[in-house]
Structure formats: structure tokens, C-alpha cells
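What follows are several structures.
What follows is a pair of complexes built around chain A, which joins chain B in one and chain C in the other.
The block that comes next holds the complex of A and B.
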């Protein structure tokens, strides 16, 4: 296979784009996808102070690296979840990466916030993945808001985004569907959230890291085994295999055609969020879910 | 496995309902599902004059049989598509069934309408399935309207409906999504359309026919090979296998939570249908798609 751009030998095949690329041209393709996402959704403006959520995996490190290459001056935030062995490995990768790239790094320890994931796991009787996700969003948001960042960037990739959209679609939960998108504007005490990698797949992010010599954490979380989310990822992969390009068109046509309908519907319900009595995080209850979780853990 | 209702040996396992049934109890279960669909969506009222579209397959024959058992007085309409061998077999099954059940049967020959499917296939350059579906809807609608039927019932099953919903969802075509549902009220020259089997799967309809001694046409259409629709059926089956009950909840939560949002959005666009200049069928163009197709065929 020849590179679609320069005609040299290709090293990365991308059936979804009916293309293949050599190493240098793949990096240009990758940059173009990120630029396109940022431009199309007005994600960042000059002078924006962007905080990147860094888990240590391929997606988040690729994102920080690419944002820096594009001339932004990202800061990193890593949440140390306190999972034995696994969290240590992740943190080391993040620290190594930020030191090498000269990216200022902040670390929040979930344990210090009373939210260490092994403790949480003992106290919740549902799959821990969704609770862990909620805690991370909470801590990222808190840090971004308290430190004046104008955007919080996460490494959500196309596989994540399309699978999450499908999962929410299967339930037709319009309050979640309203919020599936590459940009969530600041509102009700949420920091502005952006997903510059939404056009890129896990495979493309892994290739970007490989070709950019970024060492990332490859160990899956020991708690994620059999998460139901994987069913939706698998369904989307099957659809993409049978109709290349469907994953991105599913996600983008949702943004254009359906999301505005759900936004309208939800606005009419008029449910508004108010600050949590304990921590001021936006919530539809008096005390937010994370504070209630803390209470459960401390009560034991 | 024991029957969930009477404790005898079960002959049909229904994981989606966490149940299994013996023959007689399965027929009760089946009847209950149809009654529930009719009642929940106010599909039929006493005195309604219902026309059932009969292809000769398991779904349509099961539907006519069940409607008759429930005390309605259905008439049948079969469209003879003119496909060599295949259409003859289908027609024989429909004629045999209606004679045995005492159901008045009407037959429309696609050929006489200038729409024989082999001719159509020669003249269209896209998969013939969608065109064939359009022609059948056209002819069913025409007959129902011209003969004063107050409802046109079709044997669409849960597998069809969920897969069609998924296919339309993946494209997020809100004008199609608006119309995915168990009832489409009469409007703009469309007869009222109802789908009393939307809660029942192909497997359940096949079992119903088997247990009710209904001989149906089992031959697949020779033109349907590799239809892209099958991809969506397969995805829905996979989802159902991993989360039993998901197919019906996907369809029903759509009706309740999402469809109203799409109806609203489409109403605001204000696109209205007008009668076709040639045949009065509702269309967004001057001449409807079926009349344009006829012109193409006759022009050759």
C-alpha cells in the first residue's frame, strides 16, 4: 500500500478515510483532524488557558502533545485514583511525559479528597466505572474552576464518543443525549469542556504516540473488566467494518440534526441545576452525588 | 424448562421476557402482546374496517389470524410483485390461508400498475429492496384509501422495527425518525397505518404460525441478498443477546422520550406534502416517486 499523500510506502491503513499514510504524512493527517475539530467547533481561541486531563493513556498524552505542537500552552492535570499498582504506573507515565515536554503538571490525589477508588468500590453496589468517571469529572471540574482555566480538554476519542452516543441512544435518555458533543459550554458551574480528538480513533491515537515516541500507560484498569460499555464499542466497530466512515458520520450527523432537537426538548422541561450545599458543584439535588458518596464512605 | 405460566414442559424459550411457555400458554402470551399493543396505542376501535397487508410470510399471516381471533373482521390485500417463481409461491400461500380462514382477499398485481419488480430492478441503479418497499406502501395505501378502510395493518415485527429505528438513528434523519412508530395517523392523503405485532419478534411469529398450523411462505425474496438492513438486524440481535429486553425497551423508550422531540423539530421546518399531480399520492415534489419510476420504466 502506498501513502495517499506522498506515494511512499504506507505504514498506517485508514479504511474509514479510504486512505493510508507513511509516518510523516500520518502525523500531518492527524494534525489536520485536530485543527479541523478545533476550528469547526470554535474550541479554542488565542489566549485561552487550557487544562488537559491526563490519565497517562495514549489519548490524553497524544492530545497534550498535539496541542503543544499547535502552539497552545496546555497545562496538565492528573488525578491519582489510588488504585494499587495501576495508579502508580499511570502517574509515572504522566510525570515522565510532562517533564520531557515541559508541560506544567498538577496532580490531585483522589485519596486526599476522600474519594480513593478502592474505597469507593467497596461502598458502591453498581459497576465502579461510571462512579469513577463521575469522580474524575468532578475533580477535573473543581480544579479547572478554582484555577481560572478557560477550557478543560479531554482525550475522548471517536470510539469512546460514538459508543457513548450509541449507549445513550439505546436508552433514549434525552438529558444525556443533549450533552453528547465535542464542546460543552460553561454553564451552571461547569467549566467549558472540549474534546479535540473526537474525530480520531484509539488506533489513530496509538499510532500518533508510536510515531511521536510518546511512552504511554498501556495497562488496562484492573476494575474495568467486562464493563457494559464495551458492548457498544463492539457494535460500533462492527458497523464501521461493514460501512467504513459510519462512526464519524453517526456522531457528526447527531450533532447537526438531532442534538438541537434534544436541547430544545430539555430546555422546555426547565429543570435547572443549583450549587451543591456542601461543595457548590452543580446538581439537581440539594447535595451532589459526589458529596453523598463521600458521606457514605465516611459513614462506614 | 418449565412453562412460566402453568408449569408443564415449555416448548418456547423467551429470554427477553425471562420466560418460557408450553404451546397453549405461548398462544395466550402472544395474544396478550397483541392486545397490549392495540390498547396502549389505541390502534383499533369497534367498527374499524381493517385491511391487512398480506405478503404470505409468517408475520402477516400471524397478524391476520390473530386479529380475526380477537374478533376483528380483517380483509386481506396481497400485492403480487411479479417476481418469477417467488411471487407465485407467496400468492398461493396467501390464497390458501384466506380461503381456510374465511378472510376476504383482494389482490393487486404490480405488473398491471406498470410496476412489476423485475422491470423495476432493471431500471433502478440502487438496491431494489427500498424501491420495492416504496411500491408496496404506495399500492397498499392506494387500495386502503380507495376502498374506505379506516386502518391499514402490517405485520412489522420487533426485529424489523428495532432494526429500522437503529438504521434511521445511525443516519439521524429526523424526517424518517418522526415516522418510526406503531401507529401513523392518517394525514396528507396517507391511510392510517398500524403495526399490532411491534412487540413480537420474528421467532415469536414463526412459533405462533407453527402452533396455529398456519402454512406460510418461507422462501426469502431472491432479490434481498445482502441487503444493508441485515447489518442493523444483526447489531440489534447482538445487543439483545447481551442485554435481554433491550430491543423492546430501545423501541418503546424512543416512542416515549425521543419521538416527540423529532415531531416538534420537523413540524417547525414546516415542510408539507401535497398531492402528486398524476396520482394524488402525497409527495414533497410535483410528481411522486412512484409516478416518476413508472415514467422511467415506460420511457425505456
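The block that comes next holds the complex of A and C.
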């Protein structure tokens, strides 16, 4: 296979784009996709203070690296989940990456917040992945709001986004469907959230890391086995293989044609949010889900 | 025979009677959009690349599972 751009030997094949690229041309392609996402959705403006949620995986490290290359000055935030062995490996990758790239890094320890994931796992009677996601969103939001960041960037990729859209469509969950998008504006105490990698797959992010010499944590979370989200990801992969380009068209068509309806629907009929009585995080109840979880763990 | 080092499992396996990356992936029931295939010179290989008998490659799974 030859590079679609320069004719040299290709090292990355991208059937969804009917293209193959050599290393340097793939990096240009990747940069173009991120630029396009940022510009099309007005994700960042000059002077924006952007906080990148860094898990230590390929997506978040690729995002921070690319944002820096584009001239932004990202800061990183890593949440140490306190999972034996696994969290230490992830943290080491994030620390090594930020030190090498000169990206200021902040670390929040879930344990210090009374929310270490092993403790949480003992106290919930449902898959811990959704609870873990809720805790991370809570801690990222809290840090971004308390420290004046104008945007919180996450490494959600096209596979994550398309699978989430499919999962929420299967449930017709209107409040979640309202929030499936590349930008979530600041509202009701939520920081502004952006997803600059929404046009890129996890395969493309892994290639980017390899070609940019970014070492990432490739070991799966020991608690993630059997997560239902993976079923939706696999379904989308199968669809993409039989109909290349379907994943992005599913997601982008939703943004243009359906999401505005869900936004209106939630404005009219959705639950109203008020600050949590304990921590001021936006919630539809008196006390937010994370504070209720803390109370359960503390046995109150 | 092609010698394959799998990541993140960190284990060696072999694939018999394969002449290309595509053949190895099929034999190991892996999908090209879910792995990086890396040769001994640390270069990425596309699925159409031919492989000589005895070649050693690394296959790195890229799908995040949680």
C-alpha cells in the first residue's frame, strides 16, 4: 500500500477514509482532524486556559501532545483511582509524559476524597465502571471549576462517542442523548467540556502515539471485565468494517439532525439541577450521587 | 511460520502458513483496525505487507476495554 498523499510506502491503512499514509503524512492527517474539530465547534479560543484529563492511556496523552503541538498551553489533571498496581502504572506514565513534554501536571487522589475505587467497589451493587466514570467526572469538574480553567478537554474518541450514542439510543435516554456531543457548554455548575478527538478512532490515536514516541499505559483496568459499554463498541466496529465511514456519519448526522431536538426536549421536560447541599455539585436531588456514595462508604 | 509477540499479554505465539500481515491477523482472529503490527525495525506494517518465513513481529492490541 502506498501513501495516499506522497506515494511512499504506507504504514497506516485507514479504510474509513479510503486512504493509507506514511508516518509523516499520517501525523499531518491527524493534526488536520483535530484542527477541524476545534474549528468547526469553536472548542478553543486564544487565551483559553485548558485542562486535559489525563488517564495515562493513548487517547488522553495523544490529546495533550497534539494540543501542545497546535500552540495551546494545556495543563494536565490525573485522578489516581487507588486501584492496586493498575493505578500506579497509569500514574507513572502520566508523570513521565508530562515531565518530558513540559506540561504542568496536577494529581488528585481519589483516596483522599474518600472515593478510592476498591472501596467504592465494595459498596456498590452494580458494575463499578459507571460509578468510576461518575467519580472522575465529578473530580475533574471540581478541579476545573475551582482553578479557573475555561475548558476541560477529554480524550473521548470516535469509538467512545459512537458507542455511547448507540447505547443511549437503545435506551432512549433523552438526558444523556442531549449530552452526546463534541462540546458541552458550561451550565449549572458544570465546567465547559470539549472532546477534540471525536473525529479520530482509538486505532488512529494508538498510531499517533506510536509515531510520536508517546509511551502510554496499555494495560486494561482490572475491574473493567464484562463492562456493557464494550458490547456497543464491538457492534459499532462490526458496522464500520462492513460499511466504512458509518461511525462518523452516525455521530455527525445525530449532531446535526437529532441532538437539537433532545436539547429542546430536556429544556422543556428535563429535571432541573440545583447545587448539592454538601458540595455544590449540580444535581437533580438534594444531595448529589457522589456525596451519597461517600456517605455509604463512611457508613453514615 | 511467523513468530508473534502479543501485547499487552506479553506472550509469544506462532502463526503457521501465513504469507502476509493480513494472514497472521486472520489466523489469530484479530482485526486490522484493533491492533498495531510492528516489525523488528520498530516500523508499522499495513495488513497487505508480505512476511517471510521466520519473521518476528509484535502485535499490540489498541482497543480500550474500560
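The criterion applied here is as follows: the second predicted complex is superposed on the first by the 298 of 300 C-alpha atoms of A that agree within 3 Å, B and C clash if a C-alpha of one lies under 4 Å from a C-alpha of the other, contacts with A are read in each partner's own complex, and residues count from 1 in each chain.
Definition applied: a contact is a pair of C-beta atoms (placed from the backbone, for glycine too) under 8 Å apart; a residue touches a chain by one contact, two chains touch by 3 or more.
Note that the coordinates shown come from a computational prediction; the quantities given were computed from them, not determined experimentally.
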Contacts of A:176 with chain B and chain C, given as first, second, both or neither: neither
Winner by number of chain A residues touched, once chain B and chain C are compared: C
First, second, both or neither for A:240, with chain B first and chain C second: second
Touching partner for A:261 - first (chain B), second (chain C), both, neither: first
Touching partner for A:207 - first (chain B), second (chain C), both, neither: second
Touching partner for A:250 - first (chain B), second (chain C), both, neither: first
Contacting residues of chain A [partner chain C, same complex]: 1, 10-13, 15, 20, 23, 57-59, 129, 159, 201-203, 205-207, 210-211, 218-221, 223-225, 227, 229-230, 233, 237, 240-241
Footprint of chain A on chain C - complex, ascending: 7-8, 31-34, 36, 38, 43-49, 60-66
Contact set on chain B toward chain A in their complex: 169-174, 177, 228, 231, 234-235, 238-239, 242-243, 246, 249-250, 253-254, 256-258, 260-262, 264-265
